[in-house]
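The structure appears below as structure tokens.
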Amino acid sequence: MADRKTALVISAHAADFVWRCGGAIALHAEKGYEVTVVCLSFGERGESAKLWKEKDMTLERVKAARRAEAEKAAAALGVADLVFFDLGDYPLRLTDEDKFRLVEVIRKVQPAFMLSHSKYDPYNTDHMYATEVALETRMIAQAWGHNPGQKVLAAPQLYLFEPHQTEQMGWTPDVFLDITPVWEKKWAAIQCMEGQEHLWAYYRNVAENRANHFMRNSGGQSGGRKAKYAEGFQAVFPRTVDEL
Amino acid sequence: MADRKTALVISAHAADFVWRCGGAIALHAEKGYEVTVVCLSFGERGESAKLWKEKDMTLERVKAARRAEAEKAAAALGVADLVFFDLGDYPLRLTDEDKFRLVEVIRKVQPAFMLSHSKYDPYNTDHMYATEVALETRMIAQAWGHNPGQKVLAAPQLYLFEPHQTEQMGWTPDVFLDITPVWEKKWAAIQCMEGQEHLWAYYRNVAENRANHFMRNSGGQSGGRKAKYAEGFQAVFPRTVDEL
Amino acid sequence: MADRKTALVISAHAADFVWRCGGAIALHAEKGYEVTVVCLSFGERGESAKLWKEKDMTLERVKAARRAEAEKAAAALGVADLVFFDLGDYPLRLTDEDKFRLVEVIRKVQPAFMLSHSKYDPYNTDHMYATEVALETRMIAQAWGHNPGQKVLAAPQLYLFEPHQTEQMGWTPDVFLDITPVWEKKWAAIQCMEGQEHLWAYYRNVAENRANHFMRNSGGQSGGRKAKYAEGFQAVFPRTVDEL
Amino acid sequence: MADRKTALVISAHAADFVWRCGGAIALHAEKGYEVTVVCLSFGERGESAKLWKEKDMTLERVKAARRAEAEKAAAALGVADLVFFDLGDYPLRLTDEDKFRLVEVIRKVQPAFMLSHSKYDPYNTDHMYATEVALETRMIAQAWGHNPGQKVLAAPQLYLFEPHQTEQMGWTPDVFLDITPVWEKKWAAIQCMEGQEHLWAYYRNVAENRANHFMRNSGGQSGGRKAKYAEGFQAVFPRTVDEL
Amino acid sequence: MADRKTALVISAHAADFVWRCGGAIALHAEKGYEVTVVCLSFGERGESAKLWKEKDMTLERVKAARRAEAEKAAAALGVADLVFFDLGDYPLRLTDEDKFRLVEVIRKVQPAFMLSHSKYDPYNTDHMYATEVALETRMIAQAWGHNPGQKVLAAPQLYLFEPHQTEQMGWTPDVFLDITPVWEKKWAAIQCMEGQEHLWAYYRNVAENRANHFMRNSGGQSGGRKAKYAEGFQAVFPRTVDEL
Amino acid sequence: MADRKTALVISAHAADFVWRCGGAIALHAEKGYEVTVVCLSFGERGESAKLWKEKDMTLERVKAARRAEAEKAAAALGVADLVFFDLGDYPLRLTDEDKFRLVEVIRKVQPAFMLSHSKYDPYNTDHMYATEVALETRMIAQAWGHNPGQKVLAAPQLYLFEPHQTEQMGWTPDVFLDITPVWEKKWAAIQCMEGQEHLWAYYRNVAENRANHFMRNSGGQSGGRKAKYAEGFQAVFPRTVDEL
């Protein structure tokens, strides 16, 4: 138990965890982390255009399809626990009760690190709202007076995963993770997202180009570490180290 | 040779490396790093007020005093190589030849990481100029066509060490280094700076409070790592990792 | 219908659309655009000081006076549809139902572009809240699963119109619009705002000085386009073009 | 009455006003200001870890202990009026009714200046929320149509007091206040905070180092004003002056 | 001598001091300040389009005309000492010798405060260069080892005066100065700038609108201080005070 | 002549114009623009690692190879005039004479718009230096007193083309250009860069993903304009328009 390694992803919509940190999930799962993914909504209203263009579509059918896709992708990535909060999207809303439920998950997982969205997103206010919620619930989970007796949360890093159109979101990666060893898993998970096929190649391109950045920042033309696929993340909090 | 570990500090004035990264130097020296410190100037004009208030002071005497203090401090910290460029201060100026000389040092050291000043400093333009020089010479050292045949530089991190009045400089630490094991060395080095005794307690306070930040970001009230002294740094470039 | 040109203004208080984008409204109306203006409130509590200084004033009388002024100004500008949401001000608040009502308006109008307030305003939190609402409702209006069957919104630009004390709001114009041809209309509309007469000359000065900026950025002393009155706007989203 | 001098502190949790602006309170109290402090919560859940580690602790006992500490500290500082809103923390929440209650206080006090938290705090969302509330209620208090007949608020400065880990909060001080004459009072007040003893030395260090900044910005080595303890503040609004 | 009050303006081109801080000069002159203005160039190449459009114009004639205008304007404002460095413009360049000459002026004046341009100006690189020079020479003037024996500079505030197109320059005023009592002098000085008549009304509008900001920030509709003309400034350094 | 359309690219190294704005060049060339490209250096030292790894390489041979590649690429793109300044790289340096030579080119071309690098680049200080030079020479070209009698420059937009690792450079695109019609030309030009084959696929990925952004910002799932390849640019100056 002492050596249990865990991580937690807070995803606004069902597919976000796949595009944005599928590699990190698969890689850490292989390293023995139990990765929990919380999908606050299915993205049923706002991120399922292809499904809604089908005839006689209903909200329940969209949600079911999105759930099935997410479950399949999670399995491909090696997610330990996939939790659907089913709170609705466009707009996503959390009551204090919903937040306390998320705090329960955080405390149960006791993550070594957390992953969520960029701080700003003028295209998709659900995304930045999810990050506000991540920060707020992280704080509540640290409070000794919230549900006294439970194990309180320490100070896990919150990594912001890569948004669409990074520059418009003011998102700047400060760490690149080599996901080459697990690329096949991420690519398989991406292909589970049948409703958003127009994004498959897009995120393969992202992974390839982030690998270029990985190499450049590890030595470039002078012996940079080879990497074929990578993901970028922005850390919210400072690191604490014993060696630079 | 393959396992030789090295680091390089580029210090605008003779004392900067002591206040701002003396702990990092001592800590890495203990870990087997050969740490080279380049003092671009002695801080003889602008950072030696106490000496200049003495009677019959001359520039050469100030420089000699500052050099002696820096050498004593470097010895206390375990600096492997202390290099004085003696370029003058207030203002500090580097010709292209001076820069190429610095490139020589960089290539010879092949540092795993570099340390220099904050990007901005309206109080002390020498400081921000030193960082511009650090970035420019890092780039030149990476160029295959600069002195072809020499070993080119890879992509070492450039850490910006803590300036005075951090908020006015727009400096934000993203890594805290626990320097508790070497504090006595840093404190000894600080006390070598006889001309700036008014700063001794100031930088002890900084080290103590950065240790508070270290603890807070490693768990806080919920089991944070104990640390009594720490230093903060801001990384210029993204990291490349295999695990978050 | 295919060639119908439309625009939508979301105004926190009844008078904002006059000062901040009255020229844009009148100009586009002359070009055949149907311009819809939504006033979320009348500005009855917070922007009607002059009226409240009168004897025996009531909230209903203030609202009626503000409505009358806004209607007169809208007529002067050629507004196609002036919609009062009457949600109260200082503070302005929208429930999800209020937001869905605004989504209805957005979808009905299908604007080629939208106009609202600056992202930040420490003097007037209603203003920045209106912009948050504009971004959120734009997103909902784009969701295929929100009221399926309705025509979903495409990706209209959101222009932020000029706030009071631009620098304090972090607002930076990236487009200047020549409103010289419709200045008389804007000036007439401004004069409808009897309760805020202290601002008339202020906004005439703004229009004159923005014309100076228009000229400077179109050639300056070397043949800049003449303009006597202009308005500035900040675009939230990138443009998509076939020629630079 | 005309010469009555007043100030208002809006503190998210019971202890914030002590660490962050205790010197300003004591100093202005000595100058004849009536200083009102509003504690929106006791910090009972999130800032009372030491108490919660005691056996059989209850929320009411924590609140009572925190109230007692705050009252003692306020007495030491010379606070004229200490108001507990008791709204709960982690998370702190204000309904519109709570905000109107705060508006009542603001209007009653008619502060020459206000003090609250930094605009951003990823560690503690209560803090930045309190500042949002401060700006919003300041705006409402200025509205002639809010409770017509009451004396409306003019345009008091809002100073943001020093947060923990200033750089992570994006907080930049633009004014340093010499609190040397009242340091003993602040130190006494700090020592009232028995539940947070780990912060006592931390904030003494802060006060000493801010005094260094005070001296540096008032002349430094060339005759800077002596100061042994100081506090830093960031002003939200521009000043209006008759002499630079 | 102890009570001698002084200020120093560093103006890139001959006319800048008139538009941007003519009111501050006149006001402080009336208060007994000796105000020194250094014009680094005449703006002969880049800010004299109207003159260059005349027949048979030469550089010397332009410089003479600009000098005459500046002298007339300085007289109108009550400038104590108007110093022309005549270094050329578009581009403006200072050698170290030029900078040391400026340091001499700074040390001789021992200004209570300094005034110069905005930090950034993509339209006019001379402007931002002048500010870099102001910061660098301020630093050199503070160095005890620069021309030992001279009285070193203390820590005067550097105010950045208002640029053209403030938002594009990232300039944000944090202090508004009421120049109503000296407006006639500033207006007279402005009218001395015959070569730039197109800017007269522009800067009158600026002064009027800054007065609106002055009033708004001193109380607005609730008793704000009356002001008809004002100037805005951005302070580079924190203030040191004994009362907020 | 009156209808002559022109554009100017200022490229720090020989290959930059290909990766970063090859599509814009080809597209505007097809539209009848005469596009001039100035290569300030060949990138011979810093961007020719592959060549330097060959045996017996010399600076002249590298420069010749880079020149040949650039000429071939320029031909593929339809560049009207390719100008080599041959100023050296890593570091790139321009004397005032070099800058005046560039001003000559600018005035001769009289570009409708200019293209250069991002404002910031900690990896490659040549890039940001080229942009500083672009702004400075644009300013000089506008000065009536610089080489009086020549036609002065108006106020062309300066677009900053896409750097490598956009987020690290603080570069944010505000316009996307559809380059689908000329993609084959850009791809051909890219393939001329034999010394940097490792970047070919990288920039194809960039073009594909920018097309995704183009579509998203022109309507997305709701009828966005199809585009298979695009380029992004950041405008330095505001636009002046007659319609939003």
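In this document, chain identifiers A, B, C, D, E and F correspond to the written order of the chains, with residue numbering beginning at 1 in each.
Methods note: a residue touches a chain if its C-beta (ideal position, glycine included) is under 8 Å from a C-beta of that chain, and two chains touch if they have at least 3 such contacts.
These numbers come from a predicted model, not from an experiment.
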item	value
Partner chains shared by chain D and chain E (touch criterion as defined above)	B, C
Type of chain B:chain E copy interface by residue overlap (half), same or different	different
Farthest-lying chain, centroid of Cα atoms versus that of chain F	D
Matching chain pair for D-E (criterion: over half of the contact pairs shared, by residue number), options C-F, B-E or A-C	C-F
For chain C paired with chain D, centre-to-centre distance based on mean C-alpha positions, whole Å	37
Per-residue multi-chain contacts in chain A, two or more chains	49, 123, 142, 144, 168, 173, 213, 216, 221-222, 237-238
Pairs of chains satisfying the touch condition	A-B, A-C, A-D, A-F, B-D, B-E, B-F, C-D, C-E, C-F, D-E, E-F
Interface residues, chain E side, partner chain B - complex	96, 99, 132, 135-136, 139-140, 142-146, 148, 158, 236-238
Residue ranges of chain E in contact with chain C within the complex	49, 123, 164-168, 171-173, 198, 201-202, 205-206, 208-209, 212-213, 216, 221-222
Contact set on chain E toward chain D in their complex	7, 24, 27-28, 31, 113, 142, 144, 152-155, 157, 159, 173-178, 213-214, 216-225, 227, 232-233, 235, 237-244
Chain F-touching residues of chain E, taken from the complex the two chains share	44-46, 48-49, 52-53, 57, 59, 62, 89-91, 93, 122-126, 168
